[in-house]
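Two complexes, one shared chain (chain A), two partners (chain B, chain C).
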Partner chain A sequence: MSQTTTIHGEKISLLRVLGPGHVWALGVGIVLVGEYMGWNFAVGKGGMIAALIACWVAGLLYTCVAMIDSEVTSTVAAAGGQYAQAKHIVGPLMAFNVGLFLVFAYTMLEAANAITLGYLVQTVGTMAGFEGVHDKPFIVLTIVFLAWLNYRGVYATLTFNLVITAIAFVAILVLFTAVIGPWAIVELNHKDLITGLPYGWMGVIAALHFGLWYYLGIEGTTQAAEEVRSPARALPLGTMLGMITLLIAATMTWYICSGLMPWEYLGQAVTPLFDAARLTGSGPLMVLLFVGTIFSTLASANGCINDASRAWFSMGRDRYLPVVFGAVHPKYRTPYRSIVFLVPVALVFAYYAPLDQVITFSILSGLLGYTFMSINVMMFRRK
Partner chain B sequence: MAKKRYEPPQQSIAGQTIDSLFLLALVFATLFAPLYLGLAGGGKTSLEFKDQTWAGWGQNPAMQAQWEKLGYTDGAKVVTKKEDGTEEVTGNATSAVDLVSSRFDYSFDPLWLAITALVVILYFYIVFHWSAKEYRDVIDEKFNNK
Partner chain C sequence: MEGMNAFQMLEYAAWGISALLALWMLFDLTVTDRTYSEDLLTSSREGEIDDALVIDPPHQGGHK
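The block that comes next holds the complex of A and B.
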């Protein structure tokens, strides 16, 4: 088993087939699920207003993250994203650490997505009269199917992401349109449902923890650097368009949910946008938001497998990990060994760990990565 | 003078397999340790209500209406643990009391906060410092320190 794959003496690398749309689908695909689940724990941490402050403060921070990535990637465009940046700008030890942050953040996010999908299938199955529906088989099926898709090729994987992410975003737009304006099918009641700051300003600080969930993962677009046709154009364009999409989706999501649910419920709900659709009483909207939630979790898990495997692959290629992980599939041109290796990690955590703690692992790993990024960009400009 | 270029030794398949399994074990240990030690997630507490009605829980009529649309009711819910480990719910099983009364406990020890901050700062200092040294070694090896 060697570090590189060769056919007839020619070195095989990852396939350069992606465009800006795929980059958008990778970034937004990973994150949009944050609007469907997870962001609302910020409401539980500090109330509705705290969640809105967290949404905008985190939005500002992530816009900076996207701009840093666009700037640095223009020079360091390699699979591994921030790991490759650390290797070229800071040094080997930092690179190894950043690689692990990335793998932990994406693998835990993948597990969180699978848990949500399983929960939703179980809930809707019970509502539809299938009392015996169990979430665990759906968790396993999701992770294994998406790993197989990633194994088979990046173009099909991210084209699939593009379609399902676009549908999930349109579902939020449709729900928003249905609850505002003179044609609204249900009245939003922010005045009576928003109760100020139940924990004071301490709650606002606590809410920032889950405020990151609105955008966590957008920086993953840089992982596609070796698979886009034009990195200098596609990566900044796809990433910045992704950030704009997420800022719009996050604000709309907060507005809809905070006008429909008491904060104590919203702060502990597993699928808040689906619950918002339930509260409109509209059958078609419920179906649309059910589909949106399923698609957003699938898109996120799919993108996470893509990103975690690229980071693991890059570390293997550079001999930071056993070199077996640095191999590219001779036919599908994907980092297949890294994809397969990370499947059991995601499965075990999706099966045994609670959702909020899996999310916390992902956020903490992300935070360590962002701390690195802010110092890294200053060093990048100096060098 | 430039350092001699480092050529890493070729690792056997058995060695790589053992390393991979060891890494997998380390990943599980790193992530599961906080779960088992109860370090992940915030501390929680619960409000005590004397009046088990929507108004007694601090819910106004608009909130009550939304709770009811979501399938919840007011009233007390009593959960008792049986000898075989299962839970028996008596009283009002669909009561929202668990959700309404749940609160986070944000009390913390400033000393532990300072220690945590120090650990994080120290960690980043050490990693950046050693990385800079390794970076200079690589430049020296590849470009004759130019």
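The block that comes next holds the complex of A and C.
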């Protein structure tokens, strides 16, 4: 161990090995699952057009979020992201609250992803003709395997995220390419399927919060601030590239799905992109989009473990929590105690709590965090 | 019935791998905590950027 352990003097710190690609993978990896499932409930609330308005309004708001993060993090580059920003710019009470919001938002999102992955495997088992299939073993495996990966090092963790997120994004690109242009294998029928605003402008307002699904979590890139080689370059570049990727993926997803399914179905579908692939009748596309759905869910849970543990670690290091959580593994250079501590928390919620309650817990924590960000950037500019 | 057994085996494998990975983490955590002093393990401080720690595994073959 002593040969590979990097200890300078009497100090150990997190390992600075990440590049902009990893930052992109962390941000987009957490979010892309929202393209595969969840965004389409906006369609159920207000129809196709309302979902597109929600997509772009939320896109504009999240572009602001990404720009705030890029601006502030260039100055406050520390693990903990918005927690560290709150500590330096607002004060200790705000920092403590923001830290807890972050940990709960990401840990609950991790639990929600694990529940979804378990459900998908269970569905495959049922479709394959097996009886009495359970989702629990796969929920537990998802959380424990990803925690183990995070424990072993940030470079491998986010390189893994980079690969599976890229595959999930390419799957959307391939599906889009397959349904447009002269070579299209199925005809999109926007003319008949887009039916205006079935619930009027009230439906647009009701749809807005589901527009968040396209981008929710992109702000997590700032958690990697202490592990990137060049924070001032990699964080803004990775975050903004991530935002551009999500805007493209969100618009393509809406275009594909709204041209293939009636809004009444799309508005309550569990896996809209996979359903779109099924409607093309192409076996390879179905496999690709199923793999994309699984990978996007895994990437999201993986990024959430990374982010929640960094926030918890930072709070421990600053003694907002017991200082034992501020420990760094001498060999793997990860906040190993924080990673292990949050495993049972995620497991309890993923194992016992219903999906909608877990998601609500996550979103509520996230929204409280966003409320802070708008105050934060104004105070940052004045200082 | 045979098919059902195959999926059950997958479920048992998932439980088994989960247990192994969890035990590995707990074992490593215990060994690490006993091997190093608490002062060293919790010596990380915000804002301390050591240029010597700027490592690029793809180009330098891992940290040394």
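Keep this in mind: the second predicted complex is superposed on the first by the 370 of 383 C-alpha atoms of A that agree within 3 Å, B and C clash if a C-alpha of one lies under 4 Å from a C-alpha of the other, contacts with A are read in each partner's own complex, and residues count from 1 in each chain.
In this section, a residue touches a chain if its C-beta (ideal position, glycine included) is under 8 Å from a C-beta of that chain, and two chains touch if they have at least 3 such contacts.
Since the structure is predicted, the reported quantities are computational estimates derived from the model, not experimental observations.
After superposition onto chain A, the partners chain B and chain C occupy separate space and fit alongside each other. Put simply, the three-chain overlay gives an angle of 110° at chain A, taking C-alpha centres for chain B and chain C and rounding to the nearest 10.
In the overlay built on the shared chain, the residue A:340 is in contact with chain C alone; chain B does not reach it. After overlaying the two complexes on the shared chain, residue contacts for A:84 are found with chain C alone; chain B is out of touch. Within the superposed three-chain model, A:147 lies in touch with chain C and out of touch with chain B [touch as defined at top]. Of the two partner chains, chain C is the only one that A:17 touches; chain B does not reach it. Applying the stated contact rule after C-alpha superposition, one finds that A:138 touches chain C and leaves chain B untouched. In the superposition on chain A, contact is made by A:323 with both chain B and chain C.
The least CA distance from chain B to chain C in the superposed model is 12 Å. Looking at chain A, you'll find residues 1, 323-324 touch chain B in one structure and chain C in the other. Residues 3-4, 6-7, 10-12, 14-15, 17-18, 21-22, 24-26, 28-29, 32, 35-36, 38-50, 52-57, 62-64 of chain C are the ones that touch chain A when the two sit in their complex. Partner chain C is touched in their complex by these residues of chain A: 1, 4, 6-8, 10-17, 78-80, 84, 125, 128-134, 137-138, 140-141, 144-145, 147-148, 151, 155, 226, 229, 314, 317-318, 323-324, 326-331, 336-337, 339-340, 343. Put simply, chain A touches chain B in their complex at residues 1, 44-45, 86, 90-95, 97, 103-104, 108, 189, 192-193, 199, 202-203, 206, 260-262, 264-265, 268, 275, 278-279, 281, 319, 321-325, 341, 344-345, 348-349, 353-354, 356-357, 360-361, 371-372, 375.
The touching residues of chain B, counted against chain A in their complex, run 8, 11, 13, 15-16, 19-20, 23-24, 27-28, 30-31, 34-35, 40-42, 59-63, 66-67, 69-70, 72, 96, 99-100, 102, 104, 106, 120, 124, 127-128, 130-135, 138.
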